[in-house]
Amino acid sequence: MDFEVYNSEYMSIIFVKDKLNYTGKEIEPLWAFKTFDVQKDSIVVFRGKMEVSQEEMKDLKDIKREKDIETPIKSEDAINFIVEHFDSIDLKTIYLRQRLLVFIAKEVIESYNIKLRREGDDLYFEDKKLSVCIACKGTVSAKIHLGINVKSKGAEHVKIVGLEDLGIKDIDEVMKSIAIKYAEEIDKIERDLRKTLPLK
Amino acid sequence: MDFEVYNSEYMSIIFVKDKLNYTGKEIEPLWAFKTFDVQKDSIVVFRGKMEVSQEEMKDLKDIKREKDIETPIKSEDAINFIVEHFDSIDLKTIYLRQRLLVFIAKEVIESYNIKLRREGDDLYFEDKKLSVCIACKGTVSAKIHLGINVKSKGAEHVKIVGLEDLGIKDIDEVMKSIAIKYAEEIDKIERDLRKTLPLK
Amino acid sequence: MDFEVYNSEYMSIIFVKDKLNYTGKEIEPLWAFKTFDVQKDSIVVFRGKMEVSQEEMKDLKDIKREKDIETPIKSEDAINFIVEHFDSIDLKTIYLRQRLLVFIAKEVIESYNIKLRREGDDLYFEDKKLSVCIACKGTVSAKIHLGINVKSKGAEHVKIVGLEDLGIKDIDEVMKSIAIKYAEEIDKIERDLRKTLPLK
Amino acid sequence: MDFEVYNSEYMSIIFVKDKLNYTGKEIEPLWAFKTFDVQKDSIVVFRGKMEVSQEEMKDLKDIKREKDIETPIKSEDAINFIVEHFDSIDLKTIYLRQRLLVFIAKEVIESYNIKLRREGDDLYFEDKKLSVCIACKGTVSAKIHLGINVKSKGAEHVKIVGLEDLGIKDIDEVMKSIAIKYAEEIDKIERDLRKTLPLK
Amino acid sequence: MDFEVYNSEYMSIIFVKDKLNYTGKEIEPLWAFKTFDVQKDSIVVFRGKMEVSQEEMKDLKDIKREKDIETPIKSEDAINFIVEHFDSIDLKTIYLRQRLLVFIAKEVIESYNIKLRREGDDLYFEDKKLSVCIACKGTVSAKIHLGINVKSKGAEHVKIVGLEDLGIKDIDEVMKSIAIKYAEEIDKIERDLRKTLPLK
Amino acid sequence: MDFEVYNSEYMSIIFVKDKLNYTGKEIEPLWAFKTFDVQKDSIVVFRGKMEVSQEEMKDLKDIKREKDIETPIKSEDAINFIVEHFDSIDLKTIYLRQRLLVFIAKEVIESYNIKLRREGDDLYFEDKKLSVCIACKGTVSAKIHLGINVKSKGAEHVKIVGLEDLGIKDIDEVMKSIAIKYAEEIDKIERDLRKTLPLK
């Protein structure tokens, strides 16, 4: 697989240049180490189809709601971010970091003069869904998957919208921008907590 | 003091109706309990002068940089948010929640058709500073202070801007909106982590 | 299934009105969400047979001791409490909460002018065993199962006693009382830790 | 000072034979090490006057309610238990252990054919208060103080009752019994969590 | 199986007198409880063949590097240490304890007038590998395996050396020495952290 | 002050070139940030007198033992290492890291063909004390101080030995070596825990 690695202070950013589909297996622990040999906390970004079957889903609410749909999460063309942290692996921390990633994605996309709406970890353009997102934890690490549609094809039971529908052409730039900004924010937080006096 | 209390699932939102200045003492542990008798995690919002002296500051970087200025943080009229959490008191979590609060403040203010810029935990309009923010922890709780200028007066050594300069009139609405949205997001995260399957 | 939900500040109390057997599967993570759609920490209480096979047991000491018995935990008629917490998932905390639940159960039953004996997490009337209990943890939550015999039938290799043998008629009242008192105590502890000054 | 030390598996039990007053200073970190040279988690029990002034109190709710009373906690003759744990120092754990101690104290006293009522961490005989209790944490340890009146003298603004009023004569036995049973329960929990299979 | 148990303050030391091979299964949680009935943190030491197949390996780096070798870890005769801790189960702590064990092993072996070289968790004599080591965690406990070759036979793709090649004859003494010193160091750390004042 | 900064992956190594005395104040939180502007976990190494008075000591055991000595820790010429970690601030972790630092110091010094003896966190040459060491924690960070005598002058009530007595001439090299090796070991552990599969 063809990919580039950038290192921030506390994270590795892996930008996959080949097409790569998101199947749900990428959320499993140590996938980034197995695939890209990275031994830091990491954010991997890649583009391809997104097709997650029932068995690979982690959101039990979605699983219940969509139990008659074989492949509930589907997109013909999407950019996918896989984050893995080993420093703090409780669910609360990873869900807070998930919100951080979603807010940063929103910030990057809105820099193209688009106005999005956020509800929890979902991004919408008007009433159309732009993204899917989950955070979860295992025994040794905590992970996030954020998928943002590039095209509005693929999904069967929800109205979706893609970055291209919003007029964004340079998808690579969006991918890199979100991944780098996330890593930089994590770095900045690490520096922030090393300059703060305790409460009395 | 005249104030209203709203309860979300996991937080108390205290909206102070009287003028109240931010002096730095409000960041100390259990201030919300002492002042408003609240025994939940809480977000208190109030409006008044903001004047923090060297001794009350928690950001050692600011303290070093501004060591010759007696009252480095100063604003004639500001809205102030004091968050206190007891559930997770490590610095990393409270800094992640601080970012969440800043992103939500940005989202609320931008709903007035204003475009802000965020750098870490700071909000800017063009090159003018709109806000100050700190997160910190003590032995029993972790706290955030976010101050957003209403007027651009008071600060002496930085170019600042206030919500009124940006054309926002209903300051009370901004105060309530940010506080309520923060509490709702915290609630949603608590619900989210109670529906998520573990990694294999 | 027919059930009622009561919400305390930090917990959902689910009182199942239909008969429901305890098989050991109820201890698995997110069972309460899957079955009752509850997204809070929860205590579920139900009445039915209790039959736990070797594979579903969590107490390795019991498994070793009773390795020749196919269904070591057995009761014709029992009330069962399933507690799930997501806030603190280490084994020490869940075992402390298990003791709390056992003590509260004892307190409720003793209010019927019965004197019980407690040894660790077991309740006895004279030399007869009234209850079984286990605490355990998974990747995302920690759980407790407490089963209290209603009738003294079912068990094959230990002398047991049931609530009805002790003269208690309103079993529903006992079920509700224990569940509600447990939730209230958890709530009170949460309030307590939000009023306590740190040690110097 | 004259005292005896017993060691359970995980705790030291220090039984002070001389009179010793509780002044609030005993709650401070490492008091047991300073006074008795003990380097394990510990429960110290002693008998004497109990007089805690405003400055030494940790319960901010009591401090607010009794702000005009110089010495809000007062008893002419009481038995006092000071617990210190270093293994888990968060407030939630120490408050759960506090409940454990209170339940054990109740169990021991009720073994004298007395029926007590418990509300949170308080013990009552009829409508008279038998005990005071606080849990708190510092930077390196978490502590509990439980005081149980022996005589009903000393308190000025609450109706209290003492163990002697309840007909208990061998106060030493009550002291030792509660301390030993607490240590044994802590030991048992440590053994319990080393025999439990994880959730799947 | 024939074995002896020694108890230090916080640990059980199990010295297996029969030959026992290391197959990788010994690293699984609660193996010491299942095999030796021990309900404390423990260090088990035994001597035998060491043969770990791909499926039983925990070090993903080794798995990748040696993916064409069926049994990558192999030694005809080795002494094996299995440590299990339940008190702190995060990966960082168990890796720090792993280093402690390796340093202690080095110290004991060097007391035979041998000079070893340490690289991370590996011990070398000149350029020959003396040991293999892994730390890992599960849901309820954290574990270490340290294997030290006695003979230099068995390994196929690395140059190894054994204790007997270094002139050490009393292998039992080395086994006991390392296990006891590790337990004593863990005990000493527990005592140390119960005598230390907090930072201001 | 004249100093050099080297950065490893997770740590800053600060090598102070001017003479600097250790007074006990250097152990306080954020001293490295205040003095050297470093916002990473850090190890600072410097050479000078070591004079710690009673008030600045953290080891309560030493304080008790040496209560009549005004300046119990004293050395005319010593090298001092100050470590500060923000990632894990519990006492157990910092004491494990303290042992790591002591073992690394021993390893470096023994590379000069000297044989030392270690007891807990103390290094000895024959029966003479070479070093002093303490680990402690505050609200936001955990710290270690390791002092190694260069000369055997200064101490009044213990027999000490210095690196120069052992024939070591290039003290700077020892200082740098220990600091760098510690930082590298911390880095390696961080990488190790990002390659390890969980227990089943």
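Letters A, B, C, D, E and F mark the chains in the order given here, with residues in each chain numbered from 1 onward.
To be clear about the criterion, contacts are C-beta pairs under 8 Å (C-beta built on N, C-alpha and C of every residue); 3 or more make two chains touch, one makes a residue touch a chain.
Only a predicted model underlies this, so the values are computations on that prediction, with no experimental measurement involved.
Peer 1: State which chains count as neighbours of chain A and simultaneously of chain D.
Peer 2: B, C, E, F
Peer 1: Keeping to the contact definition above, tell me which chains border both chain D and chain E.
Peer 2: C, F
Peer 1: Averaging each chain's C-alpha atoms to get its centre, pick out the one most distant from chain B.
Peer 2: E
Peer 1: Could you label the chain B-chain C interface same or different, taking same to mean over half of its residue numbers are used by both chains?
Peer 2: Mostly the same residues form this interface, as more than half of the numbers used are common to both chains.
Peer 1: How many Å are there between the centre of chain C and the centre of chain D, using C-alpha atoms for each centre?
Peer 2: Going by mean C-alpha positions, chain C sits 27 Å from chain D.
Peer 1: Just how far, in Å, is the C-alpha centre of chain F from the one of chain B?
Peer 2: Here the centre of chain F sits 39 Å away from the centre of chain B.
Peer 1: Note the residues in chain D that touch 2 or more other chains, in rising order.
Peer 2: Touching at least two other chains: 29-30, 33, 60, 86-87, 91, 137-141, 193, 195-199.
Peer 1: Going by the touch rule set out above, what shape does the chain contact graph take here: line, ring, star, complete or other?
Peer 2: Other.
Peer 1: Write out all the pairs of touching chains, ordered by chain label.
Peer 2: A-B, A-C, A-E, A-F, B-C, B-D, B-F, C-D, C-E, D-E, D-F, E-F
Peer 1: So in the complex, which bits of chain E are touching chain C?
Peer 2: That would be residues 30, 33-34, 37, 86, 139-140 of chain E.
Peer 1: Quick check: in the complex, which residue numbers of chain A touch chain B?
Peer 2: Touching chain B from chain A are residues 27-29, 57-61, 87-88, 90-93, 95-97, 99-100, 103, 107, 118, 120-121, 134-139, 141, 143, 185, 188-189, 192-193, 195-200.
Peer 1: Write out the stretch or stretches of chain C touching chain B in their complex.
Peer 2: 9, 29-30, 33, 38-41, 86-87, 138-141, 191, 193-199
Peer 1: What part of chain B is in contact with chain F in the complex they form?
Peer 2: Those in contact with chain F are residues 60, 64, 91, 137-139.
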